[in-house]
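What follows is one structure encoded as C-alpha coordinates, with my remarks underneath.
Chain nomenclature is as follows: A, B, C, D and E, assigned in order of appearance, with residue numbering initiated at 1 for each chain independently.
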Amino acid sequence: MIIGKVVGSIVATRKNENLIGSKFMIVEPLKSMDCNLNRIVAVDNVGAGIGEIVLVAQGSAARIGCGIDSSPVDAAIVGIVDDGVGL
Amino acid sequence: MIIGKVVGSIVATRKNENLIGSKFMIVEPLKSMDCNLNRIVAVDNVGAGIGEIVLVAQGSAARIGCGIDSSPVDAAIVGIVDDGVGL
Amino acid sequence: MIIGKVVGSIVATRKNENLIGSKFMIVEPLKSMDCNLNRIVAVDNVGAGIGEIVLVAQGSAARIGCGIDSSPVDAAIVGIVDDGVGL
Amino acid sequence: MIIGKVVGSIVATRKNENLIGSKFMIVEPLKSMDCNLNRIVAVDNVGAGIGEIVLVAQGSAARIGCGIDSSPVDAAIVGIVDDGVGL
Amino acid sequence: MIIGKVVGSIVATRKNENLIGSKFMIVEPLKSMDCNLNRIVAVDNVGAGIGEIVLVAQGSAARIGCGIDSSPVDAAIVGIVDDGVGL
(Lines give C-alpha, C1' and ligand atoms only; values in the text may rest on other atoms or scores of the structure.)
Protein backbone atom coordinates (compact mmCIF):
# COMPACT_ATOMS: atom_id res chain seq x y z
CA MET A 1 0.00 0.00 0.00
CA ILE A 2 1.06 3.60 -0.18
CA ILE A 3 0.26 6.65 1.87
CA GLY A 4 -0.86 9.90 0.31
CA LYS A 5 -2.88 13.04 0.78
CA VAL A 6 -6.37 13.48 -0.63
CA VAL A 7 -6.06 16.51 -2.91
CA GLY A 8 -9.28 16.42 -4.91
CA SER A 9 -12.12 14.46 -6.41
CA ILE A 10 -13.79 13.93 -9.77
CA VAL A 11 -17.29 13.77 -11.17
CA ALA A 12 -18.09 11.31 -13.95
CA THR A 13 -21.72 11.13 -14.97
CA ARG A 14 -21.25 8.74 -17.86
CA LYS A 15 -19.53 5.65 -16.42
CA ASN A 16 -19.49 1.87 -16.09
CA GLU A 17 -22.64 0.88 -14.19
CA ASN A 18 -20.65 -0.92 -11.47
CA LEU A 19 -19.16 2.44 -10.54
CA ILE A 20 -22.50 4.13 -9.78
CA GLY A 21 -22.47 5.43 -6.22
CA SER A 22 -18.68 5.33 -5.85
CA LYS A 23 -16.79 8.41 -4.67
CA PHE A 24 -13.58 9.01 -6.65
CA MET A 25 -10.82 10.86 -4.83
CA ILE A 26 -7.51 12.13 -6.15
CA VAL A 27 -4.59 11.08 -3.94
CA GLU A 28 -1.07 12.46 -4.14
CA PRO A 29 1.46 10.01 -2.68
CA LEU A 30 3.91 11.24 -0.06
CA LYS A 31 7.29 12.13 -1.55
CA SER A 32 8.88 9.20 0.33
CA MET A 33 6.44 6.78 -1.32
CA ASP A 34 6.71 8.08 -4.90
CA CYS A 35 9.46 10.51 -5.74
CA ASN A 36 7.50 11.57 -8.83
CA LEU A 37 4.34 12.38 -6.84
CA ASN A 38 2.21 10.77 -9.55
CA ARG A 39 -1.41 11.17 -8.44
CA ILE A 40 -3.91 8.33 -8.56
CA VAL A 41 -7.69 8.09 -8.52
CA ALA A 42 -8.94 5.89 -5.68
CA VAL A 43 -12.44 4.89 -4.63
CA ASP A 44 -13.18 5.98 -1.08
CA ASN A 45 -13.96 3.09 1.27
CA VAL A 46 -13.67 4.88 4.64
CA GLY A 47 -15.20 8.35 4.32
CA ALA A 48 -12.01 10.29 3.64
CA GLY A 49 -12.05 14.05 3.10
CA ILE A 50 -9.83 16.43 1.21
CA GLY A 51 -6.59 17.14 3.07
CA GLU A 52 -6.55 13.85 4.97
CA ILE A 53 -3.57 11.47 4.93
CA VAL A 54 -4.77 8.07 3.78
CA LEU A 55 -3.72 4.48 3.12
CA VAL A 56 -4.34 3.33 -0.45
CA ALA A 57 -4.46 -0.29 -1.65
CA GLN A 58 -3.90 -0.99 -5.34
CA GLY A 59 -4.57 -3.81 -7.79
CA SER A 60 -7.04 -6.64 -7.18
CA ALA A 61 -6.85 -5.91 -3.44
CA ALA A 62 -8.85 -2.70 -4.00
CA ARG A 63 -11.78 -4.58 -5.55
CA ILE A 64 -11.76 -7.76 -3.53
CA GLY A 65 -10.78 -6.21 -0.21
CA CYS A 66 -13.59 -3.66 -0.43
CA GLY A 67 -16.32 -6.13 -1.44
CA ILE A 68 -16.70 -4.69 -4.93
CA ASP A 69 -15.27 -7.67 -6.78
CA SER A 70 -16.96 -6.90 -10.08
CA SER A 71 -16.24 -3.16 -10.24
CA PRO A 72 -13.55 -1.75 -12.53
CA VAL A 73 -11.62 -0.34 -9.58
CA ASP A 74 -7.85 -0.70 -9.18
CA ALA A 75 -7.23 1.59 -6.18
CA ALA A 76 -9.12 2.26 -2.94
CA ILE A 77 -8.66 4.39 0.14
CA VAL A 78 -8.79 1.82 2.96
CA GLY A 79 -7.65 3.76 6.01
CA ILE A 80 -7.11 7.22 7.49
CA VAL A 81 -3.61 7.58 8.89
CA ASP A 82 -3.62 8.98 12.46
CA ASP A 83 0.05 8.73 13.19
CA GLY A 84 3.22 7.22 11.82
CA VAL A 85 6.98 6.82 11.95
CA GLY A 86 9.11 6.68 8.80
CA LEU A 87 6.59 8.34 6.49
CA MET B 1 -7.29 4.49 -11.71
CA ILE B 2 -5.76 7.29 -13.68
CA ILE B 3 -7.19 10.14 -15.69
CA GLY B 4 -6.07 10.88 -19.21
CA LYS B 5 -7.05 12.29 -22.55
CA VAL B 6 -8.08 10.13 -25.50
CA VAL B 7 -5.56 11.01 -28.20
CA GLY B 8 -6.08 8.29 -30.79
CA SER B 9 -7.12 4.77 -31.63
CA ILE B 10 -5.73 1.72 -33.35
CA VAL B 11 -6.88 -0.85 -35.88
CA ALA B 12 -5.77 -4.47 -35.54
CA THR B 13 -7.30 -6.90 -38.00
CA ARG B 14 -5.31 -9.93 -36.92
CA LYS B 15 -5.95 -10.35 -33.18
CA ASN B 16 -6.94 -12.69 -30.35
CA GLU B 17 -10.54 -13.76 -30.99
CA ASN B 18 -11.71 -12.48 -27.60
CA LEU B 19 -10.81 -8.97 -28.77
CA ILE B 20 -13.13 -8.99 -31.80
CA GLY B 21 -15.53 -6.07 -31.56
CA SER B 22 -13.47 -4.14 -29.01
CA LYS B 23 -12.55 -0.51 -29.66
CA PHE B 24 -8.93 0.29 -28.74
CA MET B 25 -8.22 3.88 -27.75
CA ILE B 26 -4.88 5.54 -27.02
CA VAL B 27 -4.95 7.48 -23.75
CA GLU B 28 -2.32 9.96 -22.62
CA PRO B 29 -2.34 10.35 -18.81
CA LEU B 30 -2.55 13.83 -17.34
CA LYS B 31 0.88 15.18 -16.37
CA SER B 32 -0.14 15.04 -12.68
CA MET B 33 -0.91 11.32 -12.98
CA ASP B 34 2.22 10.27 -14.91
CA CYS B 35 5.07 12.73 -15.20
CA ASN B 36 6.38 10.74 -18.18
CA LEU B 37 3.07 10.93 -20.06
CA ASN B 38 3.47 7.29 -21.12
CA ARG B 39 0.45 6.48 -23.30
CA ILE B 40 -1.59 3.32 -22.85
CA VAL B 41 -4.03 1.39 -25.03
CA ALA B 42 -7.39 0.95 -23.31
CA VAL B 43 -10.58 -0.78 -24.43
CA ASP B 44 -13.50 1.63 -24.51
CA ASN B 45 -16.35 0.66 -22.18
CA VAL B 46 -18.34 3.92 -22.20
CA GLY B 47 -18.36 5.34 -25.73
CA ALA B 48 -15.47 7.77 -25.34
CA GLY B 49 -14.33 9.95 -28.22
CA ILE B 50 -11.04 11.53 -29.16
CA GLY B 51 -10.27 14.59 -27.05
CA GLU B 52 -12.36 13.49 -24.07
CA ILE B 53 -10.94 13.30 -20.53
CA VAL B 54 -11.50 9.79 -19.22
CA LEU B 55 -11.08 7.51 -16.22
CA VAL B 56 -8.99 4.40 -16.93
CA ALA B 57 -8.89 1.22 -14.80
CA GLN B 58 -5.89 -1.09 -15.16
CA GLY B 59 -5.03 -4.68 -14.36
CA SER B 60 -7.59 -7.41 -13.68
CA ALA B 61 -10.16 -4.69 -12.87
CA ALA B 62 -10.34 -3.81 -16.57
CA ARG B 63 -11.38 -7.34 -17.57
CA ILE B 64 -13.53 -8.31 -14.64
CA GLY B 65 -15.13 -4.92 -14.05
CA CYS B 66 -16.20 -4.66 -17.68
CA GLY B 67 -17.62 -8.18 -17.95
CA ILE B 68 -14.94 -9.40 -20.34
CA ASP B 69 -13.26 -11.78 -17.92
CA SER B 70 -11.67 -13.93 -20.58
CA SER B 71 -10.34 -11.19 -22.85
CA PRO B 72 -6.65 -10.26 -22.93
CA VAL B 73 -7.38 -6.72 -21.80
CA ASP B 74 -5.40 -4.95 -19.05
CA ALA B 75 -6.82 -1.42 -19.34
CA ALA B 76 -10.31 -0.01 -19.94
CA ILE B 77 -11.92 3.40 -20.17
CA VAL B 78 -14.64 3.21 -17.51
CA GLY B 79 -15.85 6.81 -17.21
CA ILE B 80 -15.94 10.23 -18.87
CA VAL B 81 -14.73 12.93 -16.49
CA ASP B 82 -17.15 15.89 -16.34
CA ASP B 83 -15.48 17.88 -13.66
CA GLY B 84 -12.75 17.60 -11.07
CA VAL B 85 -10.58 19.19 -8.39
CA GLY B 86 -6.89 18.29 -8.00
CA LEU B 87 -6.39 16.89 -11.49
CA MET C 1 -2.11 -2.66 -23.23
CA ILE C 2 0.91 -1.17 -24.93
CA ILE C 3 2.10 -1.09 -28.50
CA GLY C 4 5.60 -2.06 -29.47
CA LYS C 5 7.80 -3.49 -32.16
CA VAL C 6 8.95 -7.10 -32.22
CA VAL C 7 12.76 -6.87 -32.15
CA GLY C 8 13.82 -10.41 -31.35
CA SER C 9 13.11 -13.75 -29.75
CA ILE C 10 14.68 -16.12 -27.27
CA VAL C 11 15.34 -19.83 -26.96
CA ALA C 12 15.04 -21.53 -23.57
CA THR C 13 15.46 -25.29 -23.59
CA ARG C 14 15.28 -25.75 -19.83
CA LYS C 15 11.98 -24.21 -18.74
CA ASN C 16 8.75 -24.63 -16.76
CA GLU C 17 6.76 -27.42 -18.43
CA ASN C 18 3.73 -25.18 -18.97
CA LEU C 19 5.87 -23.08 -21.31
CA ILE C 20 6.71 -25.92 -23.71
CA GLY C 21 5.60 -24.96 -27.21
CA SER C 22 5.37 -21.23 -26.48
CA LYS C 23 7.16 -18.74 -28.72
CA PHE C 24 8.88 -15.96 -26.75
CA MET C 25 9.30 -12.66 -28.55
CA ILE C 26 11.17 -9.55 -27.43
CA VAL C 27 9.06 -6.41 -27.79
CA GLU C 28 10.34 -2.85 -27.58
CA PRO C 29 7.54 -0.43 -26.64
CA LEU C 30 6.99 2.64 -28.76
CA LYS C 31 8.66 5.73 -27.29
CA SER C 32 5.21 7.26 -26.64
CA MET C 33 4.22 4.22 -24.55
CA ASP C 34 7.41 3.91 -22.48
CA CYS C 35 9.91 6.74 -22.58
CA ASN C 36 12.58 4.32 -21.30
CA LEU C 37 11.97 1.81 -24.10
CA ASN C 38 12.29 -1.04 -21.60
CA ARG C 39 11.88 -4.25 -23.59
CA ILE C 40 9.65 -7.09 -22.46
CA VAL C 41 9.37 -10.78 -23.30
CA ALA C 42 5.88 -11.69 -24.51
CA VAL C 43 4.39 -14.99 -25.61
CA ASP C 44 3.12 -14.82 -29.17
CA ASN C 45 -0.62 -15.48 -29.50
CA VAL C 46 -1.20 -14.25 -33.08
CA GLY C 47 1.74 -15.33 -35.24
CA ALA C 48 3.75 -12.10 -35.05
CA GLY C 49 7.08 -11.75 -36.84
CA ILE C 50 10.16 -9.68 -36.21
CA GLY C 51 9.66 -6.05 -37.26
CA GLU C 52 5.88 -6.06 -36.80
CA ILE C 53 4.06 -3.51 -34.63
CA VAL C 54 2.02 -5.38 -32.06
CA LEU C 55 -0.46 -5.00 -29.20
CA VAL C 56 0.77 -6.49 -25.91
CA ALA C 57 -1.43 -7.36 -22.90
CA GLN C 58 0.25 -7.68 -19.51
CA GLY C 59 -0.54 -9.23 -16.14
CA SER C 60 -3.21 -11.89 -15.58
CA ALA C 61 -4.87 -10.82 -18.85
CA ALA C 62 -2.01 -12.42 -20.78
CA ARG C 63 -2.59 -15.84 -19.22
CA ILE C 64 -6.35 -15.84 -18.91
CA GLY C 65 -7.12 -13.99 -22.13
CA CYS C 66 -4.99 -16.40 -24.15
CA GLY C 67 -6.38 -19.60 -22.62
CA ILE C 68 -3.14 -20.51 -20.86
CA ASP C 69 -4.40 -19.93 -17.33
CA SER C 70 -1.83 -22.14 -15.66
CA SER C 71 1.26 -20.95 -17.53
CA PRO C 72 3.81 -18.64 -15.93
CA VAL C 73 3.21 -15.95 -18.54
CA ASP C 74 2.73 -12.27 -17.69
CA ALA C 75 2.77 -10.73 -21.19
CA ALA C 76 1.33 -11.80 -24.56
CA ILE C 77 1.18 -10.40 -28.06
CA VAL C 78 -2.55 -10.31 -28.76
CA GLY C 79 -2.82 -8.30 -31.98
CA ILE C 80 -0.93 -6.99 -35.00
CA VAL C 81 -1.42 -3.25 -35.42
CA ASP C 82 -2.45 -2.33 -38.98
CA ASP C 83 -3.02 1.33 -38.49
CA GLY C 84 -3.35 3.92 -35.78
CA VAL C 85 -3.69 7.53 -34.69
CA GLY C 86 -1.89 8.90 -31.63
CA LEU C 87 0.80 6.22 -31.45
CA MET D 1 9.69 -9.90 -4.27
CA ILE D 2 11.95 -7.15 -3.07
CA ILE D 3 14.18 -6.73 -0.07
CA GLY D 4 14.05 -3.67 2.12
CA LYS D 5 14.56 -2.30 5.59
CA VAL D 6 11.72 -1.70 8.03
CA VAL D 7 11.94 2.02 8.79
CA GLY D 8 8.65 2.74 10.53
CA SER D 9 5.01 1.92 11.05
CA ILE D 10 1.64 3.63 10.92
CA VAL D 11 -1.49 3.83 13.02
CA ALA D 12 -4.89 4.02 11.32
CA THR D 13 -7.88 3.89 13.65
CA ARG D 14 -10.51 4.43 10.97
CA LYS D 15 -10.00 1.68 8.38
CA ASN D 16 -11.57 -1.09 6.29
CA GLU D 17 -12.82 -3.74 8.73
CA ASN D 18 -10.76 -6.47 7.08
CA LEU D 19 -7.65 -4.59 8.18
CA ILE D 20 -8.45 -4.69 11.90
CA GLY D 21 -5.61 -6.36 13.76
CA SER D 22 -3.07 -5.91 10.97
CA LYS D 23 0.30 -4.29 11.69
CA PHE D 24 1.36 -1.84 8.98
CA MET D 25 5.09 -1.36 8.54
CA ILE D 26 6.95 1.11 6.32
CA VAL D 27 9.64 -0.58 4.24
CA GLU D 28 12.37 1.19 2.30
CA PRO D 29 13.69 -0.99 -0.52
CA LEU D 30 17.42 -1.55 -0.83
CA LYS D 31 19.03 0.80 -3.34
CA SER D 32 19.80 -2.19 -5.62
CA MET D 33 16.10 -3.13 -5.69
CA ASP D 34 14.66 0.36 -6.31
CA CYS D 35 17.03 3.13 -7.25
CA ASN D 36 14.37 5.66 -6.17
CA LEU D 37 14.04 4.15 -2.68
CA ASN D 38 10.26 4.57 -2.87
CA ARG D 39 8.88 3.33 0.44
CA ILE D 40 5.89 1.02 0.66
CA VAL D 41 3.44 0.07 3.40
CA ALA D 42 3.38 -3.69 4.00
CA VAL D 43 1.37 -5.81 6.40
CA ASP D 44 3.63 -7.77 8.74
CA ASN D 45 3.22 -11.54 8.44
CA VAL D 46 6.35 -12.68 10.33
CA GLY D 47 6.85 -10.44 13.36
CA ALA D 48 9.33 -8.01 11.83
CA GLY D 49 10.74 -5.12 13.84
CA ILE D 50 12.10 -1.72 12.93
CA GLY D 51 15.61 -1.93 11.46
CA GLU D 52 15.26 -5.49 10.19
CA ILE D 53 15.97 -6.46 6.57
CA VAL D 54 12.89 -8.15 5.17
CA LEU D 55 11.44 -9.88 2.11
CA VAL D 56 8.28 -8.21 0.76
CA ALA D 57 5.75 -9.82 -1.61
CA GLN D 58 3.48 -7.53 -3.63
CA GLY D 59 0.21 -7.82 -5.52
CA SER D 60 -2.30 -10.65 -5.06
CA ALA D 61 0.50 -12.79 -3.59
CA ALA D 62 0.42 -10.64 -0.44
CA ARG D 63 -3.26 -11.37 0.21
CA ILE D 64 -3.50 -14.94 -0.96
CA GLY D 65 -0.10 -16.09 0.25
CA CYS D 66 -0.78 -14.78 3.76
CA GLY D 67 -4.28 -16.26 4.08
CA ILE D 68 -6.01 -12.88 4.07
CA ASP D 69 -7.69 -13.28 0.69
CA SER D 70 -10.41 -10.74 1.33
CA SER D 71 -8.30 -7.98 2.87
CA PRO D 72 -7.37 -4.85 0.91
CA VAL D 73 -3.66 -5.62 1.22
CA ASP D 74 -1.23 -5.39 -1.72
CA ALA D 75 2.09 -5.87 0.09
CA ALA D 76 3.24 -8.12 2.95
CA ILE D 77 6.46 -8.81 4.81
CA VAL D 78 6.90 -12.56 4.35
CA GLY D 79 10.44 -13.21 5.59
CA ILE D 80 13.31 -11.83 7.65
CA VAL D 81 16.54 -11.88 5.65
CA ASP D 82 19.41 -13.49 7.62
CA ASP D 83 22.04 -13.45 4.95
CA GLY D 84 22.47 -12.84 1.26
CA VAL D 85 24.70 -12.45 -1.76
CA GLY D 86 24.01 -9.89 -4.49
CA LEU D 87 21.79 -7.61 -2.39
CA MET E 1 8.39 -11.55 -18.61
CA ILE E 2 11.86 -10.10 -18.35
CA ILE E 3 15.31 -11.51 -18.83
CA GLY E 4 18.04 -11.05 -16.27
CA LYS E 5 21.16 -12.51 -14.76
CA VAL E 6 21.19 -14.41 -11.48
CA VAL E 7 23.57 -12.41 -9.27
CA GLY E 8 22.93 -13.84 -5.83
CA SER E 9 20.60 -15.50 -3.38
CA ILE E 10 19.21 -14.93 0.11
CA VAL E 11 18.65 -16.93 3.26
CA ALA E 12 15.57 -16.28 5.37
CA THR E 13 15.09 -18.63 8.31
CA ARG E 14 12.05 -16.87 9.74
CA LYS E 15 9.45 -16.77 6.94
CA ASN E 16 5.87 -17.46 5.88
CA GLU E 17 5.35 -21.24 6.09
CA ASN E 18 4.31 -21.46 2.44
CA LEU E 19 7.82 -20.37 1.52
CA ILE E 20 9.58 -23.26 3.29
CA GLY E 21 11.73 -25.12 0.79
CA SER E 22 11.79 -22.31 -1.78
CA LYS E 23 15.11 -21.07 -3.16
CA PHE E 24 15.25 -17.26 -3.43
CA MET E 25 17.53 -15.88 -6.12
CA ILE E 26 18.49 -12.27 -6.82
CA VAL E 27 18.07 -11.38 -10.49
CA GLU E 28 19.42 -8.27 -12.16
CA PRO E 29 17.44 -7.44 -15.33
CA LEU E 30 19.33 -6.86 -18.56
CA LYS E 31 19.89 -3.15 -19.25
CA SER E 32 17.54 -3.39 -22.27
CA MET E 33 14.74 -4.70 -20.03
CA ASP E 34 15.09 -2.21 -17.17
CA CYS E 35 17.30 0.80 -17.68
CA ASN E 36 17.51 1.18 -13.88
CA LEU E 37 18.76 -2.38 -13.37
CA ASN E 38 16.48 -2.73 -10.32
CA ARG E 39 17.09 -6.20 -8.92
CA ILE E 40 14.26 -8.51 -7.92
CA VAL E 41 13.99 -11.59 -5.73
CA ALA E 42 12.54 -14.55 -7.63
CA VAL E 43 11.77 -18.09 -6.55
CA ASP E 44 13.71 -20.62 -8.62
CA ASN E 45 11.48 -23.01 -10.57
CA VAL E 46 14.07 -24.50 -12.96
CA GLY E 47 17.32 -25.07 -11.07
CA ALA E 48 19.08 -21.85 -12.05
CA GLY E 49 22.58 -21.06 -10.82
CA ILE E 50 24.46 -17.85 -10.20
CA GLY E 51 25.64 -16.24 -13.44
CA GLU E 52 22.95 -17.78 -15.62
CA ILE E 53 20.68 -15.71 -17.87
CA VAL E 54 17.09 -16.46 -16.97
CA LEU E 55 13.46 -15.73 -17.85
CA VAL E 56 11.44 -14.28 -14.96
CA ALA E 57 7.63 -14.18 -14.72
CA GLN E 58 6.05 -11.67 -12.37
CA GLY E 59 2.69 -11.16 -10.67
CA SER E 60 0.07 -13.89 -10.24
CA ALA E 61 1.72 -15.83 -13.11
CA ALA E 62 4.64 -16.64 -10.80
CA ARG E 63 2.41 -18.34 -8.22
CA ILE E 64 -0.16 -19.95 -10.47
CA GLY E 65 2.17 -20.90 -13.29
CA CYS E 66 4.54 -22.66 -10.90
CA GLY E 67 1.87 -24.59 -8.99
CA ILE E 68 2.37 -22.66 -5.76
CA ASP E 69 -0.97 -20.85 -5.83
CA SER E 70 -1.07 -20.16 -2.12
CA SER E 71 2.51 -18.97 -1.64
CA PRO E 72 3.36 -15.29 -1.19
CA VAL E 73 5.51 -15.27 -4.32
CA ASP E 74 5.31 -12.54 -6.97
CA ALA E 75 8.28 -13.48 -9.18
CA ALA E 76 9.70 -16.80 -10.39
CA ILE E 77 12.55 -17.94 -12.61
CA VAL E 78 10.76 -20.04 -15.24
CA GLY E 79 13.43 -20.65 -17.88
CA ILE E 80 17.15 -20.61 -18.60
CA VAL E 81 17.92 -18.58 -21.72
CA ASP E 82 20.15 -20.49 -24.16
CA ASP E 83 20.15 -18.03 -26.98
CA GLY E 84 18.41 -14.89 -28.15
CA VAL E 85 18.12 -12.02 -30.59
CA GLY E 86 17.22 -8.51 -29.46
CA LEU E 87 18.22 -8.92 -25.82
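By our rule, contacts are C-beta pairs under 8 Å (C-beta built on N, C-alpha and C of every residue); 3 or more make two chains touch, one makes a residue touch a chain.
These numbers come from a predicted model, not from an experiment.
Contact with both subunit D and subunit E is made by no chain of the assembly. Between subunit B and subunit D, the least number of touching-chain steps is 2.
The set of chains in contact with subunit C as well as subunit D comprises E.
Inter-chain centre distance (subunit C to subunit E, centres taken as mean C-alpha positions): 19 Å. In whole angstrom, the spacing between the mean C-alpha positions of subunit B and subunit E is 30. Contact of a single residue of subunit A with at least two other chains is seen at positions 59-60, 62. The touch graph of the protein chains shown is a ring with every node of degree two. The chains touch one another in a closed ring; read from subunit A in the direction of subunit D, their sequence is A, D, E, C, B.
Residues 7-16, 18-19, 24, 26, 28, 36-42, 50, 59-60, 62-63, 69-75 of subunit B touch subunit C in their complex.
On subunit B, the positions that touch subunit A within their shared complex are 1-3, 32-35, 45-47, 55, 57-62, 64-67, 76, 78-87.
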